[in-house]
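Consider the two complexes below, in which subunit A is the common component and subunit B and subunit C are the respective partners.
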Partner chain A sequence: MFWRDYLIPRLLQYFLVIFLGITIVFFIPRLAPTNPVERTIAEVRSRGQYLDPAHIKDMVDALTEMYGLSGSWWEQYKDFWVRLSRGDFGVSFFQFPTPVIELIKRALPWTVGLLFTTTVLSWLFGNIVGGMAGYAHSRGWSKLLDFLAMFVRPIPYYVVALGLLILFGYVYRLFPIGGGATIGVRPSWTLAYIKDVLRHAFLPALSMVLLGGASWFQTSKLIVQNVKAEDFVQYAQLGGIRESRIMFRYIIRNAMLPQVTNLALSLGQILSGALITEIVFSYPGLGHLLYSAITTGDYNLIMGIISLSIVAITTLVLIVDLLYPLFDPRIRYK
Partner chain B sequence: MSRAREVLVLVLLAMLVFSSVALAQEPTGFPRDQTLIVNMLTGRVGTPSNFNEWVGWRWRDRGMQNLANEPLWSVDFATGQIINGLASGDPVYNEDFTKLTIPLREGVAWSDGVPFTADDVVFTVETILAEPGLASHSAFSAKISKVYKTNDYEVVIELKEPDSRFHTHFLDRWGCTWIMPKHIFENVDDVVSFEFDPFVGTGPYKLHSYDPAGYWTAWEKREDWDKSPTGILFGEPAPKYVLFRTFSDSSAKIIAQLTHQLDVADHDAEGFAAAMAQGGTIRAYQPSYPWVVNNDPCITGITFNTAVAPFDNKEVRWALILAIDIVEYMAQAVDGQATLSPIHIPYLGAYPEYYHEPMQEWLKSFALDLGDGELFYPYDPDAGLRIAEYARQRGHEVSSDPEEIKKTFGIGWFKYAPDVAEKLLLKNGFKKDANGRWLLPDGTPWKITVTDINDTGHHQFKNGNAAVQQWKKFGIDAEYVASDAYTTLQQMGDFQVGAAWPALEPWGAGVDLYRSLDIFFSEYIAPLGEANHGHSSRWSSPEMDDVIKRMRATDPTDIEATVAVCTEALKILIEEMPSVPTYGYSGFLTWDEYYWTNWPGAENPYMGPYGHWGTLKYMLPFLQPTGNK
Partner chain C sequence: MKPSDVVLRTENLKAHYVLDVPGGQKVVRAVDGVELQIRRNEIYGIAGESGCGKSTLMKTLYAWVNRPLRLVEGSVFYSKDGQEFDVYALNKQELRRLRWTFMAYVPQGAMSIFNPVIKIKETYRDFLSSHLRGKTVEEMFEMAKEHIEQLGLPVSILEAYPHQLSGGMRQRVAIALAALLRPSVIFADEPTTALDVVVQRGVVQLLKDIQERLHNTIILVTHDMGIHANVTDRLCIMYAGRIIEEAATVEIFKNPLHPYTQFLINSLPQFGDTGERVSAPGQPPSLANLPSGCAFHPRCPQAMPICRERRPEDTKLGEHRVACWLHAERGEAEYAANS
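Take a look at the complex of A and B:
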């Protein structure tokens, strides 16, 4: 039975992983030897705000109540799941009283827009060009691309990003040096605004596609080279099957299998953000939000972002799991 | 055309399409010659739509505290003066400091045109008293018994117990309790969750727009700017718009300034050097070496965790101080670009006249007991001269005028005396192994870990690393651990040595050191493992408590009495050295003179030079446009 033997076990596994993942995320920050209220106060003081030490204790008590941290862990855990069932992650401690979901909603479109696009573009570019280069690995252009990929890929991402920023933001001044859109331009669904957003996203995207594409290229090229050397390919060639058919139906299709899984995992990781990209290009997104949540001990915000990430990764893995038989007939349920 | 060429052409075409408007002037809607662009010190705003400064942290240097808000009073550390903002004069206390009367300025209006009156002040205090979610609630409810107005421009606050410094809650040093516009907040159901967007203030600018992602906030000069205290006191601010923007990466910030997209920028030392090296229209606070802002009212240094052995022993602490060659230390930390101070306040404003100079004789006569009747006098009044000599050797032009040298490099510090340090350690049971490495009294190798900030540009990082190098040279296995969790580690006492402020920053105006010294009161100190609300050294003493209690009871306007009691506290700190003052905070600030000039540089320090302090608004009437478009 497809339902009983294939779908239901996977769905159970899916919900169990999400439940355990979120539970772990709930408890790990609480095991840290710090009180989030005290930590928030320390962070605020370190930013230059003077708090009279004589009254900090009273402030701690008031904030503990307002942050919802006054009960036992078990009570907080129950409240957490009740709130979560309503899509509510509570309020951010450091950005109190802003709801966590508001902060995530504000950053999410930028991260998804940039990372989804660059991940898919890198994947397509790397796999198509890498596949062709792997198939024609003895040709000059293939060797040149391979050399370029070998040259680009080891460069630290920060150096590539900063190099692009200096080259196109300072030397040639073709692109803006930071931000998601031009200062003073109000967000709207107009062509001018969309163009402006794309222009601001271009350098961050280029930096990611360059390195990401080089990585996919190398992997894809190697896989295709290996598949090309398989017996069934040589048999097809000897059988006189057209080259294009061998390349796409025999080689690329087989080579794509691990790449599809990797794509799903890469897409799932989008919700962790791209911290260095956001820093170099002053680009909005979840990476910076998560980093600041960690450094300020903002439990609720950490839980919100990581919970979404857990759901995204497990969901994509489930989808790939369910779709995989379409790509690979060998594991189709019978 | 080959496929590779097609791809190349496609990439170039895409770049041309997306870059087609890039050469247009940025930002849109703000004529550059009428706009001042200031870097935000505290980074990207996490809550861009929330301007409610009475709740939690709100990135107040995005223009609230420095532009659109007027406090009752402000500190100007450049002149050492208190500026009356919404108040028209000093607070008047009754004899036993249980009541203060605040005179308010007439003719001020909120940015939406509603007049500012005593009702706003009374409403603010009453609202804070009623709502535990507001930041000042705990302090106010502990102190205030009653607030009322006597007329539209005078407010009286009655206190539950004597407090001669209660008004400092409203004194903007780098933030304070601001006044709420009653006509807006009285209509709000929940003042804690209220976002206060659009912001309404009494400063000379009103909110124009902001980035929903938190990278910039724009303000526009009010048409009725003359109804703000800034306008009344100093005249019309020059820029029509002021834009605060932030860059997550220091390279982008430098590029922005070099391309005239940023007028005021705070850098780290390396970024400062890089920006200055480009020359052009970039200038620093001082026109020549050491260039930096050296009148910032903060003192940097080293802090020992005195709850942890062997740093609980003051002779060990003093040994570690005498193992420091301050010239090498300053060279490594800031290339000599800062002003030394041997006491726990910086050498600036009123402090040299009232504290540094009068304490010279005491410092010279202060001795350490090395045992067997041998005394050592650690103070070196010529330390500043030695730093000046180092700067000369580095090829910098340094004045030979002793007064100028004092102002630039400081008045003195402590001697480099490794032999004396050795005697102190041997006296306390420490030993050296065959390789000259120091061992603890129990015979195990002595390893010192300095735990502090993970930011190479920060003075805490610089102090901590300079100390590590000096102690290594002395034969101690020392290391610096950079941690993003350093505030928590220090708060809980999970560290040996740190580089947090050796004492809290003083006001920067007047002679009162309450803000710096009260934090050493024993009631604030928590045991290891518990959150500490006192100084991170966790040091206190009955003697210090006694002085602090007397300081609290002293009228801060009584200069003689205040200086006397604060000097006593400073002497105790030097004898005990739970924390070690090294140099005053040096600010790596640059201005771009392409669009605006007449900055308050060292040659004309008419106002605090920073963009993030509250005094920015008072600087703006003095700026002059260059005419560049």
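Take a look at the complex of A and C:
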């Protein structure tokens, strides 16, 4: 029985993983040797501000309350889940007093828009070109592409990103050097605004497709090359089966199996943002937000973004698990 | 033998694996001057120990020569509809069309030869649609079903995925598939290896049934002399890339001439005989570094000085031929006269 024997245990596992992940996210900051309340006060003091000792007591209480640090750990933990169930991650400190969920909502479309597009594009590009190169692996052009990929891949991402930025944003001013859209322009569904967003997204997207595509290319080429040497492909060739049929039904069909899983995992990682991309191109996405949260010690914001990321990855893994038997009959629900 | 009886013949066939190794090339002489004539309507056996070039010979006969294997010399002639042609003179398309309709192949190791993500009936369909024109998918499935039924296999396997079938069943499906388009020649490379004897019997029976039904030629490679005794009409023994003896199977078992063949036959257990079995001493030679003269001489208890120096040519004794100096008085006399 699919329901009883597979789906329900799998769903329980899904919720358990989310539960454990978020629990860990809850406890790790509390086990850390820094106290966020003291840190905030020290920060205020370091700016040279004089604080009245009586005032400090009030501040500590208020901050403790806002950080969700009042009461025992158990009470805090219960409270944390109650608030979480309402979608309330608390208030951000780095942009006080905006709720965390509000900040995430603002950054999410930028990150998802950019990363979803680049992930899918580089996956498609890498797999199609890599597949063809793997099929014709002894040809000159295939070897040339392989060499190029081998050359591009090890370049550190920030070098590529900065290089593109300097070249096309500064030397040749073809694209803006940062931001998600021109500052001061109101978001709207007009052609001008969409063009503006695309122009801003172009360089970050290019940098990611370039490196991501090269990586997908290499994996895909290798997989196709291996599948091509499999007995069942040799047998089909031995049997005089038409080449187009061998290519699609025998080689690509089988080579896609691991790549589908890899795509889903990459999509799941979108919600943790692309930190370096967003910093280099000052892109207003989740990675940027997370970075600011970490540098300012904004625990609520960190917990909010990481929780979201945990849910995204586990959900995509669940979806892949459920869909996989459609692609590979050897995987069956017991 | 009438020439019209011959469906396949080779002339001095040589196929070597040419490998690039540091400091030059390494040549593995897997098929090194093979002369064969195989008739219509017979099961022809090729026997020999592992690494003697049996499978390479099969591939070369099937014109399935991929690098690093290379056809170095010689030709393979098939005769189809009374016309003889060199299979290596055909282009890629002609060769593709010849496969499965005229000659089919059962490769070694049927465990992994089927596409794991499609059902067996889809594999049938791929073979049918690549070689027949103007059939609908339903017609092709229907043909597959009829074919499976005729051979006495369960029809349910068509709906199965390869991993749901046992090893023996997969082997039988591979054989059934080879017979699908009623080819004139079927190559079967070690079809019974890795199966237990009970399943082996079923596989052997299937091969025999197909041959009786189609009256075609089956070329069967196995190192199992028991299978050869049961199935084949004529038998050749391969050693180090050459055929050292060939005769009717009964004749080979009754009257083996080559010392190596004698070892092979004498190593088989017999009813009532409790004596110790003797096998050929030593190891098979490396095909990359063959001994001089007769390749068997380092292991041969009856080796003579000439065996070390010159390779024996075939000596024909009626339908029985053997490549050994013991039986080549004429060659020996020649050698004595020359030195």
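We take it that the second predicted complex is superposed on the first by the 311 of 334 C-alpha atoms of A that agree within 3 Å, B and C clash if a C-alpha of one lies under 4 Å from a C-alpha of the other, contacts with A are read in each partner's own complex, and residues count from 1 in each chain.
Here is the rule we go by: contacts are C-beta pairs under 8 Å (C-beta built on N, C-alpha and C of every residue); 3 or more make two chains touch, one makes a residue touch a chain.
Being a predicted model, the structure only gives us computed values, none of them experimental.
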Most subunit A residues touched (candidates subunit B, subunit C): B
Touched partner set for A:Gly179, first subunit B, second subunit C, both or neither: first
Partner chain in contact with A:Ile166 - subunit B first, subunit C second, else both or neither: first
Touching partner for A:Gly240 - first (subunit B), second (subunit C), both, neither: second
First (subunit B), second (subunit C), both or neither touched by A:Arg86: neither
First, second, both or neither for A:Phe232, with subunit B first and subunit C second: second
Which of subunit B and subunit C A:Asn254 touches, first, second, both or neither: second
Which of subunit B and subunit C A:Met66 touches, first, second, both or neither: first
On subunit A, positions contacted by subunit B and by subunit C: none
Touching residues on subunit A, where the partner in the complex is subunit B: 33-35, 38-40, 42-60, 62, 65-66, 92, 94-98, 103, 106-107, 110, 141, 162, 165-166, 168-170, 173-187, 195-196, 198-199, 202, 278-282, 284, 288-289, 292, 294-295, 297
Of all residues in subunit A, those that touch subunit C in their complex: 230-232, 234-236, 238-242, 245, 249-250, 253-254, 257, 327-330
Residue ranges of subunit B in contact with subunit A within the complex: 2, 4, 14-15, 18-19, 21-23, 26-30, 42, 44, 46-48, 50, 55-57, 132-133, 135, 137-139, 141-142, 173-175, 192-193, 209, 211-216, 218, 243, 245-249, 251-252, 255-256, 258-259, 261, 484-485, 487-488, 491-492, 494, 504, 515, 518-519, 521, 523-524, 529, 531, 533-534
Contact footprint of subunit A on subunit C as seen in their complex: 62, 64, 95-100, 104-105, 107, 109, 112-119, 122, 126-127, 129-131, 161, 163, 177
